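These are the structures in question, set out in turn.
The two complexes that follow have chain A in common; it is paired with chain B in the first and with chain C in the second.
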Partner chain A sequence: MNPIEQLVTYLSYPFVVNALLVGVLVALCASLLGTTLVMKRLSFIGDGLSHVAFGAYAVAAVAGITHDMLIIAPMTVIAAVLLLKRGQSAKVKGDAAITMMAVTALAAGYLIMNVFGTRSNVSGDVCSTLFGSTSVLTLTPFDVAVCAVMSVIVVSCFVLLYNRVFAVTFDEAFAQASGLPVGRYNLAIAVMIALVIVVGMNLVGALLLSALVVFPALAAMRVCRTFRNVTIVAACIGVACALVGMLASILAGTPVGSTIVMCDALAFGLFCLIERAREGRGA
Partner chain B sequence: MAYLTCTDLSVGYGGSPVVSGIDFSIGAGDALFVVGENGAGKSTLLKTLLGLLPPISGSISFGDGATAGEIGYLPQRNESQRDFPASAWEIALSGRASCLGRRPFYSKADRAATEQAMRRVGAFELREAPFGSLSGGQQQRVLLARALALEPLLLVLDEPTTGLDPKATEALYETVDELRAAGAGVLAVTHDVDVALPHATQVLEVGADTAGIVTPSLPERPGASVASPDDESCEPLSAAVPEALPTQEQGGGAA
Partner chain C sequence: MSVQKLVFGAVLVVALVGLPGCAGNDRRDALSTQQGVAEVLQQQTEAQDAQGQATGQEYADAQQQSETPKKEFVGDAAPAFEQVDIDLTSMNADMVYATVYDMMANPAAYEGKTVRMTGPYYYTYYEPTAAIYYYVLIKDAMACCSQGLEFVWGDGSHALDEYPENGTEVIVTGTFKPYREGETLYVHLVGASLEAA
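Up next is the complex of A and B:
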């Protein structure tokens, strides 16, 4: 079979289509929020939250909850809110607090799975949660539905709040002085990140998730100079990399998450080259 | 009635005052310049006025149509904004974000107000340019336009001329003079007293736990004078305020 026929065969399976759908939705949400996170110097929060999501996953797995998203989503959102609230009156500052929370959740998650785990293949479970591996192809219709709903919520919130998010991202102090409820919008941003992480964990795994957030935005910032264009181009890059990565992983039999992330890294490199070529010509 | 009146105000962090005994009021056409050493509490005062910090004691009251949530704020220039991917127009328009109310997107009125603000500071031609590609003076104009897009009665400027060359500095202050003449009240924090002085109607010296008003017509060394904190009658404009206000075109030469 040539690759095209192979692809057509795969695409006739509903679980493959499900996987592609979820992948595109997750990549879209992640890349939309990416620019804000990068410019607010918050990309680390995404990383920290994904570790918390892993801890929550362990709890759900051990407790034998089938719809584990119903546990992971609220716990991650709460962690996001706590991190943000702490940021304002913290004794332990920003990145250190996030690191503490992240490693504690990671260690606790592994410990719980190891000690209380009932399934035989603990290291396989842990590996697939951290790196995504094949789990995206075993999504149930319920998982797909939850992913779709959350993605629609995140995308529509982002579009509706776009102008406010821009104001808060560019200059928090000004926004506050001009009467914008900055705290509320920061909270909205944190909740959106948490939701993206929850739905993204199935796709690329907890450890690789930040790549979906950071790479498209950074790549778009190489060539675009307005916030609107950066946001649109980042969304396109994110979606394209997710699609290409997933198809490549199906054809080549490579792990889904790692393949998508490598695509993102390559896209970033490509956009760096484009920027350099432009500068070489322009200046 | 004045736009902003502070009475026996103490500002500081965590309950301990940095500066006390601040008394002043700013009305239409006033320009109060706050001067003082680094760490004397200028920024603390500013943050308190903007509502970013609660006052320790005393009162801040707004009047004459000005409200706490409608201050046109020109923050100190921030290096991290230099590489922010946004056009000048996007940034100026974001000054209207607090006018959105329940609407998700900007209206025609928001765009019109932003355009007017940009024209007023001579930055409308720059609207398409990426913010990071602008000179320091041009960036300050765009940020001033953002503050003006809100159509505020009270303008608060934090070190507005830091990093600007003398020409851009003078152009910026001329624009501020125009705004003042059009009925705005201005409060500016600066360490560059000599340049700012001709544009001030009052000078508030902050330092050593207390603050005092000195009139800018007092010559030579305003930083050294000790003034009584209860001196409220500083309304009369000093002779130092320039008579002829320059036109907008002249103000545009900040590049």
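Up next is the complex of A and C:
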């Protein structure tokens, strides 16, 4: 059977279609929010929050909760709010606070699963949650519905509040002086990124999730000069890489998360080359 | 080159060569005897099978026979199904695991479909039901987890000694059918053909 025939056969399975749909939506939301986070120099927050989400997953797994998002989502949102609302007056700032929270949650999660876990294969569960090998192919209709609702909320907020997001991203002090409730917009961004991370864990796993946030924006910034263009191109790159990565993974039998991230990395490399070629022509 | 740099370089070389030798014999022994996941899985399954043996006479006979070399398993010449709806033998590891997971999670969607699968064959005796169950193990992409998919060879009248030895790679083709034992819903392939892989 040639790859095209094989792909057509695979696409007849509902769980494959669900996986592609969720992957595209998660990548779209992650890349939109990633543009803001990268420009605010908060790229590492995606990594930190995904580690917190892993810790929350461990608690949910040990407690035997069927819908683990009921635990993971609130805990991740709280962590996001704490990290983004700390502001300049915090004693432990920026990357140090993120790192502290991330490693504590990761260690606590693994410890909880080992000490209190009831499943026979803890390593397999941990590995699957951290790297998302086939998790995206085992989603329930509830998971797909949650992802769809989250994506509609994130994209709608981004489109409707675009000008305010732009102001908060580039000059928070000026935005505040202009009367914008900067605190509320930061809170909204924090909640949205937390939700994207909770859903995105199924796609690429906790350890690789920040790639979905960072790579598309960084790649777009190689060739685009305005915030609007960076946002649009980042969204296109994120979606394309997620789609290509998932299709390649399904056909080749490689881990889904790693394949998507490698596509993102290759795309970044390609756009760097394009930037250099442009600079060479310009010189 | 100064004497200090020479001494530093010599210490570095000695450290790089000597440090691996500091690993204790226990660790080296452990590493040298470390088994892959597949081997551990097979051993545990065989150990469970050994423990589960008890009252079935057929099972006891099979144990006696297993001490003598068995004939090579031949099985059915070909599957008695014209069309296979779900061919797990032509899928990669990711799709196999995801498809089997979906069959377990949504059995109603697969009822009546012809499924073809391959993997190591095992049987186990379950005392509460006094029955022997035959299944094929399907491992996930990382080979760290596995699911068993039960099957009924033909009309279920084959004797245990007609089946292959535990761990033999086989191909099974059958009709997917959920069934209940007590309050628990199980799934298996019925009317299956059993071929040597």
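Some notes on this structure:
One rule holds in what follows: the second predicted complex is superposed on the first by the 281 of 283 C-alpha atoms of A that agree within 3 Å, B and C clash if a C-alpha of one lies under 4 Å from a C-alpha of the other, contacts with A are read in each partner's own complex, and residues count from 1 in each chain.
One rule holds in what follows: a contact is a pair of C-beta atoms (placed from the backbone, for glycine too) under 8 Å apart; a residue touches a chain by one contact, two chains touch by 3 or more.
Remember, it's a predicted structure, so these values are computed and weren't measured experimentally.
In this superposed model built on chain A, chain B and chain C occupy separate space and fit side by side. Chain B and chain C, viewed from the C-alpha centre of chain A in the overlaid structures, lie at an angle of 170 degrees when rounded to the nearest 10.
In the superposition on chain A, contact is made by A:C127 with chain C only, not with chain B.
Contact with chain C, but none with chain B, is seen for A:Y10 once the two complexes are overlaid on the shared chain.
In the superposed model, A:L251 makes contact with chain C only, not with chain B. In the superposed pair of complexes, A:T138 makes contact with chain C only, with no contact to chain B. Of the two partner chains placed by the overlay, only chain B lies in contact with A:M39; chain C stays clear of it.
Once both structures are overlaid on their shared chain A, chain B and chain C have a minimum Cα-Cα separation of 40 Å.
Taken in their complex, chain C has these residues touching chain A: 90, 92-95, 97-99, 101-102, 105, 109, 140-142, 144-145.
Chain A contributes residues 1, 6, 10, 13-16, 121, 123-124, 127-128, 133-134, 137-138, 140, 249-256 to its touches with chain C in the complex. Against chain A, the residues of chain B that register as touching in their complex are 50-52, 67-73, 75, 78, 80-81, 84-87, 90-91, 93-95, 97-98, 100, 104-106, 130, 132-133, 146-147, 150, 156.
On chain A, the positions that touch chain B within their shared complex are 35, 39, 41, 159-164, 166-167, 170-171, 173-180, 220-221, 224-230.
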